[in-house]
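Going by the order they are written in, the chains are A, B, C and D; count residues from 1 in each one.
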Amino acid sequence: MVTAFDAFGGESVNPALEVVNLLPNELLAHRIVKVVLPTVFQKSRTVLMEAVRRENPDVLLSVGQAGGVSAIRVERVAINIDDARMPDNEGQEPIDCVIEENGAPAYFSNLPIKRMVSDLEARGIPAQVSNSAGTFVCNHVMYQGLFLADQEFPEMLAGFVHLPYLPKQVVSRPTLPSMSKELMVEALMQLLVTIIENTGQKDVILSGGSLF
Amino acid sequence: MVTAFDAFGGESVNPALEVVNLLPNELLAHRIVKVVLPTVFQKSRTVLMEAVRRENPDVLLSVGQAGGVSAIRVERVAINIDDARMPDNEGQEPIDCVIEENGAPAYFSNLPIKRMVSDLEARGIPAQVSNSAGTFVCNHVMYQGLFLADQEFPEMLAGFVHLPYLPKQVVSRPTLPSMSKELMVEALMQLLVTIIENTGQKDVILSGGSLF
Amino acid sequence: MVTAFDAFGGESVNPALEVVNLLPNELLAHRIVKVVLPTVFQKSRTVLMEAVRRENPDVLLSVGQAGGVSAIRVERVAINIDDARMPDNEGQEPIDCVIEENGAPAYFSNLPIKRMVSDLEARGIPAQVSNSAGTFVCNHVMYQGLFLADQEFPEMLAGFVHLPYLPKQVVSRPTLPSMSKELMVEALMQLLVTIIENTGQKDVILSGGSLF
Amino acid sequence: MVTAFDAFGGESVNPALEVVNLLPNELLAHRIVKVVLPTVFQKSRTVLMEAVRRENPDVLLSVGQAGGVSAIRVERVAINIDDARMPDNEGQEPIDCVIEENGAPAYFSNLPIKRMVSDLEARGIPAQVSNSAGTFVCNHVMYQGLFLADQEFPEMLAGFVHLPYLPKQVVSRPTLPSMSKELMVEALMQLLVTIIENTGQKDVILSGGSLF
């Protein structure tokens, strides 16, 4: 299962949605189910839970926009807090709200994040491990996915990938970085292949740390 | 108790150490105990634990360098992982090592981080909440401080502040931001005042979130 | 005539060369002559002059790498100074040397730079006017082209375009922006079309200024 | 003579004005005359010319704000073009207008710009040579100063220095760099000392180039 969000924050498009829409419906004999999540704190959870319970996927990969970054970012961890710095698509703006009272303070992705970054790099695609998915709806959805895995779907792999802006999104602000749609589709395909091919194996030991 | 690190990563100085050294030994009738931590994964923990157990401080504020940022960063959360992107000062370079087997996946600072940022801003000092302290020795020490609070010192407030480079550190790379030592001393003094004056009160509800 | 440079500054490739190599040899019934210039102060001039005198082109568009920028940059002006911040590919490192004793202090490109940027933007390609081509070999070659136009080829249009890094160039430094080869080829094709279609017309009045 | 601008572009202050106001009226037995210029294309010229003709200064150092830079920037060159990217303080927004029909395409500062940067660095103050003063009122005033030197005051030294934001200007956008007022006053004092002490001497040969 691959999820994407609708556009938010004044953007007319969301690179995650545009890229996920271009993925095939099958890859290496695995079915790909695409789910569009609203960029809304509560509603995204409802839609996600319903979809996961309906499909019981082997893998839940959520994809979002990180406007202003240069590289594909594979997230390491989701934290149990909502702190919006702008209203979501329904005007909600929670500040310092716990996501799940019964959840852990944080969940680490159980995807092979180091291998995922390394395989992108081997294809010449800029990528990095990210040590924060923020505190907006992206972190919220990543947290919910891993909470679901922890509570109900112990076999499910789950994680989150952040994409740069599309080139057309930065035409009016050309000092911001972007990545072409074609390269991001290639990247997501590779990420899914890496996940499928590494299932059941330990992640590689490669540095993906940050100093701060 | 205020801790600072020695220089690391090829720098000849650490702004945290230079600034902490200039703090007074007493503030608002509270004693300030300064502790220098080595920028070494294991050793920093040993020195920190020993100092906390000896002094039993009301507040543990650790201070570190975030080379390349423009503002004072008050950290929200420490995660239970070491992932070095360079060797520490004794050549250790742990990758994806759990910090404390018996610790939580993450600890949130119990300092009034929103008020701290807000009070700095009111003085005209650039500041922000940070939602990741990285995965190097800074996160390691912040995690250890909060683990100590959780396990042994339930009354202790603990948290972490990251400082920009000093101006002299960026003379050879003038596109990087810095902050003057005087302004950082003023900032740390204000942070301590805010912590002291807000003890026992709930933090203010102000956004300190990030999108990713 | 379209010129590109060989790789320099420790890079193994130059996006300008990779992209120019993919241009067709004819466009809108105009022949495209490609010239590779060495990233060497004196030698680039010799090769350029010889090529221009041999081909007597209608248009001289030189293309170079601006490592670290996010958008295609159409240069406005070249200044009569060499000031290297690294050795060129033959180890020369001129500092504050006049390029042409008999040249003007600066030459402004006589290409329709505003239209060029505007037409790229209309295609969804990030672009901007740049008000400095630096003081390295790129500015040197842009200056020489416009000096040639001024002194010997009064009908020749001349200018310079800077390209971002290719994605593969930033794999090891993923915080730097890049642009895909396909998008840069599309951009250069559009720039040539714009130049051809606007020959003899005044440039559009669109802001391309910078504050500093 | 040291000039500064009033605030522009939505800012409530201009660091140049705040810093210049704190300079003494005399330095090394030289009188310092301070002139406030309006951030208005035509009017800045009128006020500047009148002040220069009245005072006949040995040195004309103009100072402006470069919002978003980290270091003191000593400008090398002014170009003969106005291209506003926002309205000036009287709503004028010239695009691609020649500043002086009888002026050179560009004028190079005749101040010892390399020595100025080098002396700041020696004091631990981040500084760099800048190879573009933009195309807004700062470039306009720098150009006018050097045009005056060229046409009427052949003994006058003239140039321009750009300052970063003050810390209080970036409180609401903490990812932008700033520099404390105290450090910028120290920097301007040093720059004036350097100019005075190097009068009549050739500038040092130090790289101050940029790649693009």
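Going forward, a residue touches a chain if its C-beta (ideal position, glycine included) is under 8 Å from a C-beta of that chain, and two chains touch if they have at least 3 such contacts.
These are the chains along with the protein names UniProt gives them: A, B, C, D = Pyroglutamyl-peptidase I.
Keep in mind the model is a prediction, meaning the values are calculated, not measured.
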item: Both-way neighbours, i.e. chains that touch subunit D and touch subunit B; value: none
item: Most distant chain from subunit D, judged by the mean position of its C-alpha atoms; value: A
item: Inter-chain centre distance, subunit A versus subunit B - centres from mean C-alpha coordinates, in Å; value: 29
item: Distance from the mean Cα position of subunit D to that of subunit A, given in whole angstrom; value: 47
item: Interchain centroid distance [CA atoms averaged], subunit A/subunit C, Å; value: 38
item: Shared interface positions of subunit C, touching two or more other chains; value: 69
item: Graph class of chain-chain contacts, one of line, ring, star, complete, other; value: ring
item: All touching chain pairs, where touch follows the definition stated at the start; value: A-B, A-C, B-D, C-D
item: Subunit B contact footprint on subunit D (complex, rising order); value: 69-71, 121, 124-128, 167-168, 170-172, 174-180, 182-183
item: Residues on subunit C engaged by subunit D in the complex (per definition of touch); value: 9, 64-67, 69, 73, 76-77, 79-86, 93, 95-96, 104-108, 114, 129-136, 138-139, 162, 203, 205-212
